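Paired with subunit B in one complex and with subunit C in the other, subunit A is shared by the two complexes that follow.
Then we have the complex of A and B:
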């Protein structure tokens, strides 16, 4: 009982810290409201005349634009509201311009991402157009935007130059949050094993994570790699829980869609590529460069095998990215139907259906973390496998099973 | 006629995924009917295979999105 109360107190403490942090950032937010009324009026009058403004009152709603706004990275963490009523968390913008490195909060753009507001630093001028930072033009265009646009069949292209952008964007912030969550979870779990030992029954968080950790170690690592799998268990656990935590954060309505960002999945799959190939043994490389096939077809087979080294991680990258992105798009599209048909009645159909998809996404969040980890283990397994391993592997597997 | 050819591509991807997942589901049903005690193992394998097929279908969706 007392331990439960203690756990609760711990939770309460963490909540307190999180809430305080949020409060501080909100303060920052209110402080960042535009000071000059003139700018605000300018922005408002200009916004209504922009051709690709998606939330114009009365006009048809462009669900595609709204959906992309939700799944893409941005320079501020948007919670709710539109335009100047928007409640969002400003994030730091770090740019390397022509004359140096500039740091400022994204609130200096005053919620603008259509290129109306220019931020001037040390003589260099920046605008935010659709969450990308560009060097601003000297004079605004006919709509009041400081960017040069060309519209070629509905696609808007920006001609301005871009500074090097090292900003702490929404996705980077999400990554820091997941990092802290993972550190907190796993350090406390590791400490629990240190104090109570590995033979006593798990408690609290341990009870939830121990089966998952054992699942990754025994079923994924040992099952696919076999002998010497211990070496790869830390990497597999890291990948599994990083993807899992970020998938789950992505399901929270205001969360960031980090695992649906192709750059993030690219880095993960590159790590898999490097680990697989660094650990490749003689067998693995001879399969690629000296395949067991007639020499006549080697010219076809070897290029295919070499391409396969890269195609496998690329498939990993696209699978995770596409699964998460598609899930988010489906949910926002279903909710968007209410606004397309402009009838609250549609909500009775689309909200339960969106809830259904959301629950399915909970399954997908686990499944994709599992599949990424399992395929990584499979690739590593094929790189380190000797020929006569199978019988050994099964023995180990059964032994491990009977232990638990 | 107006519209995007990408929509046709997305539709074709869905047909492929439907066939694939349908085959997996059907075979899993048969397998469970033959050996009900192995249902849990079959279900796990079925879900993994279905997720892999779904992943391929989503490649199609990504292409459809990119060429919108």
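Then we have the complex of A and C:
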């Protein structure tokens, strides 16, 4: 099983590294060369590789910016269009500033995410820079931005302080939608069991989801946890379907990339960390603090085991995040090739490829939901299992016997 | 590379963590209570129902088999019982007949023997009677003969002579 995990880990890591390298090369080739006919601000933003929404007509397309706009969170739900013609759904911004909590719609930034538009609330001034809210400067910089940027070489850093941002962002909205979808789906299924009774065969949604539920219960929970798996089944089912539904939503072109967001995967893997360790039995802890090895290597082994407690959920977190993000970047990059080469003919190559990747992503949507849930069950299983130590003792006992 | 964007890619935002935690807890609680609990218990009930139905069908089949073998046994028992009854009846009948025969034989014998005894008695009585009659008659005859024999002197003398003859012969 551990070799399996390692393979997944490796796969996820390689996947992520390859995609990052791909993006690096795109960025260097097409993203960062200043062109004639651009405003100073655009030159600045292009030079610092900061994506900008108002590219001049016919200018180079910054695929990196487009790709990251698709995979990153934002304060408005952007559908199509550029700059002031953009069609987007404004979402509530909730900030905890120095003097209080402020709520306003993201439309008050007028589609700006480069720090040009200041929103003033109760004497506190905010700007949106790269979909992150900062306290605005008193005066604009030479390009008209109310943020202090340092652009050393190609690295950009924002010096401004940030308020605590509890905004209902695109990802949060997507999450709420998926929450209601899950409620509607599974409560109506639960009601179907109540109305038609348990003796009749499942129908409709019920017949699609029942095998998945039984799969999670029998193959994931019982298969990895064994005895006493029942009490973890609701958690595993919730995790499985929350990830699955959001993976599928993420595949829809205007959908948000929630499962490819590290904050989301962080929360889920933290939940797994907590559940695993709260249910850890004597064997689990003795395996960590009193490992079955010579005492001489305990100083090495115990820190590794302790680190392992955290590394396992961190691997979970990165795996889901990296896989979903990577898939989205590949699709965007393939479609982006058409715009990079400014030739529709590329479409004949990149569209079938993108379609192929999209279909692969449909598989990955199920696969990643399964892997996350399966590994969660495996971790819980390793924490509640008690036969392991017994078999060791048996072996020792037999060994001692044979010596006699 | 654009370090700024990369940083925002791998830097979890507080707001999203906050909302995800809340949403996840709500999902866990509400789905657990209103979806997973009824669904899992319904599936379990159904599985148990199927299992029970299968085992009860098996049991019913076994019961039927047992019942059938029982029936056959009962039928065989009944048949042998009937045979026994018939045999017993026949035996009883024979016994009764034999007893009746014996009884009637004994009765007949008794009647015969008593009849024979009576006949003997009657015969003896008749013989005694007859003897008496004969004696009486003989006396009467002897009386008459004597009278006739002794009616004249000649005859008395002839008789004495005769008797005397006999005496001398002796």
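Quick note on the criterion: the second predicted complex is superposed on the first by the 332 of 404 C-alpha atoms of A that agree within 3 Å, B and C clash if a C-alpha of one lies under 4 Å from a C-alpha of the other, contacts with A are read in each partner's own complex, and residues count from 1 in each chain.
As a convention for this text, a residue touches a chain if its C-beta (ideal position, glycine included) is under 8 Å from a C-beta of that chain, and two chains touch if they have at least 3 such contacts.
If you're wondering where the values come from, they're calculated on a predicted model, not measured in any experiment.
Of the two partner chains placed around the shared chain by superposition, neither subunit B nor subunit C is touched by A:339. Of the two partner chains placed by the overlay, only subunit C lies in contact with A:164; subunit B stays clear of it. Residue contacts after overlaying the shared chain place A:323 against subunit B, while subunit C stays out of touching range.
Once the two complexes are overlaid on the shared chain, A:135 sits clear of subunit B and of subunit C alike.
A count of residues in subunit A touched by subunit B and by subunit C gives the higher number to C. With both structures placed on the common chain, the touch criterion links A:210 to subunit C but leaves subunit B unconnected.
Look at A:193: by the touch rule set out above, it reaches subunit C but stays clear of subunit B. By the document's definition of touching, of the two partners only subunit B reaches A:371; subunit C does not.
Touch criterion met: A:64 reaches subunit B and subunit C at once. Of the two partner chains placed by superposition, A:102 touches none, neither subunit B nor subunit C. In the three-chain superposition model, subunit A touches both subunit B and subunit C at residues 64, 325. Interface of subunit C with subunit A (complex): residues 1-6, 8-21, 23-24, 26-28, 30-32, 34-40, 42-43, 45-46, 49.
Looking at the complex, you find that subunit B touches subunit A at residues 47-48, 51-52, 54-55, 58-59, 61-62, 65, 68.
Across the complex, subunit C is touched by residues 20, 23-24, 27, 31, 48-51, 64-65, 68, 71-73, 94, 130-132, 154-158, 164-169, 171-172, 175-176, 179, 182-183, 186-187, 189-190, 193-194, 198-199, 210, 213-214, 217, 233-235, 237-238, 242, 261-264, 266-268, 271, 325 of subunit A.
Every residue of subunit A that touches subunit B in the complex is listed here, in rising order: 64, 315, 318-319, 321-323, 325-326, 329, 364, 367-368, 370-371, 374.
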